[in-house]
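Inspection log for the structure reproduced underneath, given as structure tokens.
Letters A, B and C mark the chains in the order given here, with residues in each chain numbered from 1 onward.
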Amino acid sequence: MTTLRIFFVGGLISFRALFGWLSPWIYIPTMFVAPVFQVLLFAYLGRSAGVGSDAFYLVGNAVQYCAVPCVFAMANTVAGERQTQTLGIVLATPAPRLALFVGRSLPVIVNGWLVSLVCLIIGSLILGVSIPVAAWGPLVLTMAIGAASCTGLGLVAAAIGLRVRETAVLSNIVFGLLLVFSGANVAISAMPDWMAAVSAWLPLSHTITAARDLVAGATFGDVSGLVLREAGVGLLYAAVGLTALRLLETSSRRTASLERM
Amino acid sequence: MTRTLRMLAVTFWLQLKLLTVSAFTGILQIVYPLFFATTAFLVYRQNGDPAALVYAGLGSAVMGTWSAIATTASSALQFARWQGILELLVAAPTPFALVLVPITTAMATTGLYSLVATLVWGRVLFGIEVPVGNPLLFSAGLLMTVLAIAMFGFLLSVAVARYRTAWAMGNMLEYPGWLLCGFLVPLALFPTWVQWVSWALPPTWGMDAMRAAAAGESPWFDLTMCVALGTAYASVAALLSGVVLRSARRHATLSLT
Amino acid sequence: MPVIEADDLGRSYVTTTGILRRRRTTVEAVRGVSFQVGEGELFGLLGPNGAGKTTTIKMLMTLLLPTAGLARVLGYDVVEEPREVRRRVGYVFGGDRGLYDRLSARDNLRYFGELYGVPPHEQRRRIDELLDLVGLRGREGERVEGYSRGMRQRLHIARGLVHDPAVLFLDEPTIGIDPVGARELRGLIGDLKAAGKTVLLTTHYMFEADELCDQIAVIRSGTIVARGTPSELKAAVSGGHVLEVEAYGVRPDVVTAVRGVPGVRSVSIEDQGRSQLLLVQVDHGVEVAPGVLALLAGTNVGRVITRQPTLEDAYVELVGQTESTESVG
């Protein structure tokens, strides 16, 4: 029971404590206004270049943007703890590590998922993109998996953040890499082979392809393979991230580098 | 008068120094817009029209200057608030407007790093060559664009001085600026009412001036509009700064607590 | 004409809590504060954390607008003529902040020198002098981020002096500094006074106020509870003496009983780990030791001393005495 509490309640409280974005003046612009503009930017870019449809850029960017809450927030959770110097205190508790970090991930995943969905809705209204009613159910599920997968990457970023000082730079670079390589704005089929190969190993790539197919009228059955692959990628990153966090925690106990800013 | 000019020059120089030695700002300001530039190039490349790539190549080079202001102006002043420096800046007898202008101008100037980086990146990775028909006028256009963006940043920082959460709004302006100033997308694609908003932004004219000068055409009209608008923004900001400061003192928002 | 004048100064905040049902509460940080500081005086504003010292100093510094009363520095009103005030005062606060970390000390001083309109031909000389004064000569080319806390504080003072102000506001300048560094800083502050500057210092260290200040105002919960020279304060509060009793495990009801002994002005307890130190403030000329010790008959008693009151005793009494009689809310 305690594990569950650590999982849910601990996660939520830490989210609020460190995710200082709860001020509506910061939260709303970052989470709901900026992604819509990213969609508009690339949709018009596409129109100007005569490449791709509005729906193409809408889905791609709506999904890609969940990297902001999923990667930034996750990395900040750890960095923030180090800043407020509560990291040592938290890690000194006997709480089971898995429940601790996964618990911190849950609100992040929900947040990311929400951001993608809202962006998709608002963007479709502005651009006049119609999404088949039947697609919404599968879309919601697909995007949830995507957010979870991206949060896995966030855990890796969080682990690196324990070692590296400039977590914000790292998160921004990850965001940029996802922008270029995930297929958000360039169809994977239009990418050179090496880029497509990188894309396959990044979170969100499979989600974007699946979501585009769903909007184009595919059924969930058609895209289930992609969704599974996405889940696999996400789990891989999550495992790497959690292991790295554990290792870094042990090593920093030896070298007292935990609180080093 | 000379004392004021000297003050502006020295403080600008020191602020530029401050920004340049911060590797963090540097990497972010150069690298981040590069991701967007790369994406734009990848999209335009599929089109097959080399002129489109040049269009994007030039425009994306200026993106960094806008970002320098949209993101840095707001966060730098917020950072100053955290560092207790904002109060010290206000406590100085120099009018707050004259304190802010060198700061935002230094920020906009750091956008030049991004400009060079993006042009080199475009050239090396995508083979984009931006022909510059009239280098002198092109440089003038660039200078005016940087200054105009600095004035916009000045207006933005006045808001940040008053409102503790205004820095997030500033961040939010990054994308709209890229979109509306015609860096990556020709304005003709937008509905008329959006174009009116674009024309109200000084960098739009500066960008046009630069494109005209690069193509060897006359940029004078665009340059004049850029300067006029920039001056207008600066005047509004200067007028507001007095009001805003008084309000900040009343509501105790100069410090964190 | 007094150099610094505060007349019934007040500052209140309205805070709103809650997201759905917003409750507005008015907090009075400073209430009815009045004092005057003469030329060349070192005036101390002494009080515990949250007493309103920083708020008062910020109002005098023109960074905060008072919500009541008025204040003048060198004859200029802080609300109506802020620029005149700013030209003539220096502001120094304690802690790590207030400097550009990524610039060198010299560049920091140059920057603020420019903002304060120090004539260019004087800047170099003044900066060199200040670096000598605060003992940072030889390290002025290094970036501030590499400085120790004590060095930062000294640079901060140099920054406050860059325009050679007649008046200096120091807000808890020795906070967080090691004892040796703090002693040097206090020496520096004393030198400034000797140079003829008028200084207003806020602190919560009684010994600091005692050592440095010509006049002290004790502030508590936004109001001034006492004012005078250090000796006057010591005398006014307790014309008598202090009985110190070291006890092991003294019970609260015993303490209450001791309070009731005739001649006892106040009793406070200091926890010293395994023992407690009972500090009994006694009226002048009254002998309470037998009575008090009789009440402590059941408790283990160690050392018993009678001594003169210090400024710390006066402070604890001034700041603490109203707590038991104060109603909450």
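One rule holds in what follows: contacts are C-beta pairs under 8 Å (C-beta built on N, C-alpha and C of every residue); 3 or more make two chains touch, one makes a residue touch a chain.
Because the structure is predicted, anything quoted here is derived from the model rather than measured.
**Q** Any chance you could name the chains that touch chain A and chain B both?
**A** Both chain A and chain B are touched by no common chain, going by the contact rule given at the top.
**Q** What are the two chains with the most C-beta pairs touching?
**A** Looking at every pair of chains, the most contacts join A-B.
**Q** Suppose chain centres are the mean of their C-alpha atoms. Which chain sits farthest from chain B?
**A** Between chain B and every other chain, the largest centroid distance is to C.
**Q** Comparing chain centres built from Cα atoms against the global Cα centre, which chain wins on proximity?
**A** B
**Q** Need the CA-centroid distance for the pair chain A / chain B, whole Å please.
**A** About 29 Å, centre to centre.
**Q** Return the distance between the CA-based centres of chain A and chain C, expressed in whole Å.
**A** 49
**Q** Where the centres are mean C-alpha positions, what is the separation of chain B from chain C, in Å?
**A** The answer is 44 Å.
**Q** Within their complex, state which residues of chain B touch chain A.
**A** Residues 24, 27-28, 31-32, 34-36, 38-40, 42-44, 46-47, 52, 163, 165-166, 168-169, 171-172, 174-176, 178-179, 184-186, 189-190.
**Q** Note which residues of chain C are touching chain B in the complex, please.
**A** The touching residues are 13, 58, 61-65, 83, 86-87, 91, 93, 95, 97-103, 107, 110-112, 114-117, 119-120, 143, 159.
**Q** Where on chain B does chain C make contact in their complex?
**A** Contacts found on chain B: 3, 6-7, 10-11, 14, 17-18, 21-22, 82-85, 87-95, 99, 246, 249-250, 252, 254-255.
**Q** Touching chain B in the complex: which residues of chain A?
**A** 21, 23, 25-26, 29-30, 33-34, 37-38, 40-42, 44-52, 166, 168-169, 172-173, 175-177, 179-180, 184-186, 190-191
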